[in-house]
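There are two complexes below, and they share chain A, which is joined by chain B in the first and by chain C in the second.
== the complex of A and B ==
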């Protein structure tokens, strides 16, 4: 798959079909990857595809001018489609190099499972439904479902539906919706006060770095309400009330655009379980309007479309 | 207990005139509502709702034109989707769903406007004061752990 990607990407650049290629290269930290944006065909050999290409690269499409070839997993391609629906991306200027995604591996989960930090782990390889972790030359294997990200466990479309080149066979990702919604189920079992207090506790740790917003391909406002000076909606000082207001409103604003890619939760330096918010919103949207973000590039965006009769019990 | 404070976002083409009509036809309704005129119920960003709760209002009422009667053709349909989503999401966060209410009130429905405000005020009295953003929240049901 990796070689096919390099061949395709190189050809695209050399034939002048695209100005840039956006993909992944090995990161500076062990096992991790980092985005690679290049117009130089010589850089293409650095492109990788492995179980750690977690970032949702579609965010870059909003800012980059010109024709772009982009590596996209299932959820990323949905984000791209969602951006096309919102007229943020021109489909004709994007060549989607689709990666059928077998699920992304969480290094945090691997560390917990192996009881070692990532620097002490020699190798992590995937063998079908198993994950093989090598520590001090000794190999141990575990079911892959134990190390996949929670959002991957709840993935509905691991193979990109919108692509120009598909780099492999359809993904055989086995999902586990219940496992993916575990945190939400825990919260739903609580009383409203307990739930609110849970979020209050979590958002007391928020330092308002806005990483969740900045990484999110659904958050593309040129001016975000949190930075408005007049009226000043929230205080720039991080305090739980405003942190919680910010994240609540952010989630409502991205309703129908969020594809549950899990990007916000991965980048959170305070480890706030943001997916318990985004996934619930994803399911609310699905329940109420049978709408799945980024599955149909010709559909109207959720919040600009309507049916004549729907959710009648909302209004008196 | 203290009287609930309610903020109402009323569409200028219908509900706002409906509120006027309630006044001119001498309908009685609770004085708990503070009205903000908006050009359309579709103008109401969920941010306004959260901000009102953050400021300590006990409830928010969004009121617009009946489906099919929007001055801008589709504003109220969009509001309907947005409010439906917001309401469910706030409930999930642990906010009492009664704190966000919505209604269709036309310019000729002064009576209905008075009824809506009466009912919403009654609901808010049952829910109790908004302590969401205070440091100590007392619940009506289970005490928080």
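== the complex of A and C ==
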């Protein structure tokens, strides 16, 4: 798959079909990758596909001008489609190099299982439905579902539906929907008061770094409401109430655009379980409107569409 | 004074003793994330897992947000109430040499043109008990920046893990006072001393990430206008605040008034040069582009700070590398500067 990607990407650049390739190269730390954004064919041999290509690269399509060849997993390709629906990306200027995704490995989960930090682990390999973690020369295996990100466990479309080149066939993703919604179920079992206290505590740790917003391809506003001064919607002082309000409004803004790529939760330096909000919204959108984000590039975006049969007067 | 040592099993007793005088902060796990938190009086399991915290101890001096004063509006005038200076004494147990050095670097800013009473009160009332970093991360590069995993220059008392006990080196008078009255200590033997030296050397040799910091300010000055270079290195940055907020030497803050009806308070909270809004002005933004902001961050640490204070404002703690959502790596940027001097 990796070789096919490199061949395709190199050809695209050399034949002048794209100005940039956006993919992944090995990161500077063990078991990490980093986005590679390049117009130089000589860089292409650095492209990799592995279980650590976690970033949703579609975010970069918003700011890069020109024609782009982009590596996209299932959720990423849906984000691209969603951006096309919102006129933020021109389909004709993007060549989607689709990766049938077997699920991404959460290093946090691996660290918890191994009892060691990322850089103390010798090797992490996937062998079908198993994951083999080597520490101090000793191998231990676990079911792959124990180390995949929660959002991957709840993924419905791991293989890109919208693509120009599909780099492989079978995604081999093993899902576990219950595990993917575990946090949500826990929260639903709480009383409203307990739930309120839970989020109060979580958002008391928020440092307002905006990493959740900035990795999110559904957050494409040129001016985010949090930075508006007139009127001021929330305080720049990161008090928990304002942090919660920020995340709540963000969640409403990304309704129907969020593809549950899990980026927000993954990057949060305070480990706030943000997916409990975004995935719940994703499921509500599906239940109420039978709408799955980024699955139909010709559909109107959920939040901008209205129909005469709408029951709320506001929307008529 | 000869160095002392303490059995690990007596650490609790020592912390308890110190707790009578200080609020004792120790590495703690909060939602599986390491932070410095007030000791619960019992748990010393951090001795097994602690490497470094996610949030740097700078937060104990320059908190994420703090109230500077409150105010009331009365008949067109404002009545201002400044909170009394923070007199609480704190002891930070286990601070790493990189983070302690960062505080010395921050002191330069907070005592420069203006003496910041909030920051300095906390600095004066704090005792730093450092701990040799026997298990540095692969993102650490302190040895390239005049630091080392056992550098005791910026703490009051330094501990080094020598197996069943810690070697204790009192660095300052504050440090000497800390151990003078402690009964749990023994005199360190020469075998303990040589074991500590061994541990320190081993720790330093674990740090393999390097930058060439010589003339780095000059190289940056010469590379300053190379737009192509900065655009290329900045391309994958997502302009979030992680690297700056969690940097032990980044100190930028914003001032905001919170007002309801006729009263409110003035707050100071962390701000970041990574945000476009940081430099946004009514008519223009001098750092509109991502590469402007990346360049600012790197140059502030490695060019402007040396220019102003004669020291690089980076201690090689590696947080910005290991916590970055896209693995943006400052050492790669510094090592690939287009202009060599």
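Just so we're on the same page, the second predicted complex is superposed on the first by the 306 of 316 C-alpha atoms of A that agree within 3 Å, B and C clash if a C-alpha of one lies under 4 Å from a C-alpha of the other, contacts with A are read in each partner's own complex, and residues count from 1 in each chain.
Criterion: contacts are C-beta pairs under 8 Å (C-beta built on N, C-alpha and C of every residue); 3 or more make two chains touch, one makes a residue touch a chain.
All values reported here derive from a predicted model rather than from experimental measurement.
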| item | value |
| --- | --- |
| Touching partner for A:237 - first (chain B), second (chain C), both, neither | second |
| Which of chain B and chain C A:34 touches, first, second, both or neither | second |
| Which of chain B and chain C A:55 touches, first, second, both or neither | second |
| Contacts of A:113 with chain B and chain C, given as first, second, both or neither | neither |
| Which of chain B and chain C A:174 touches, first, second, both or neither | neither |
| Touch list for chain A against partner chain B, complex | 187-188, 190-199, 225, 233, 241-242, 245, 248-249, 251-253, 255, 277, 280-281, 284-285, 288-289, 302-306, 308-311, 314-316 |
| Interfacial residue positions of chain A with respect to chain C in the complex | 27-30, 32-37, 55, 59-60, 63, 108, 112, 117, 119, 202, 205, 207-211, 213-215, 227, 235-239, 263, 266-267, 269-271 |
| Residues on chain B engaged by chain A in the complex (per definition of touch) | 45-47, 50-51, 54, 67-68, 74, 77-78, 80-96, 101-104, 116, 119, 132-133, 137, 139, 141-145 |
| Chain C residues touching chain A - in the complex, by the definition given at the top | 30-33, 51, 54-55, 64-65, 137-139, 235-236, 238-242, 245-246, 254, 256, 258, 267, 269-270, 272, 275, 277, 290, 321-323, 325-329, 331-332 |
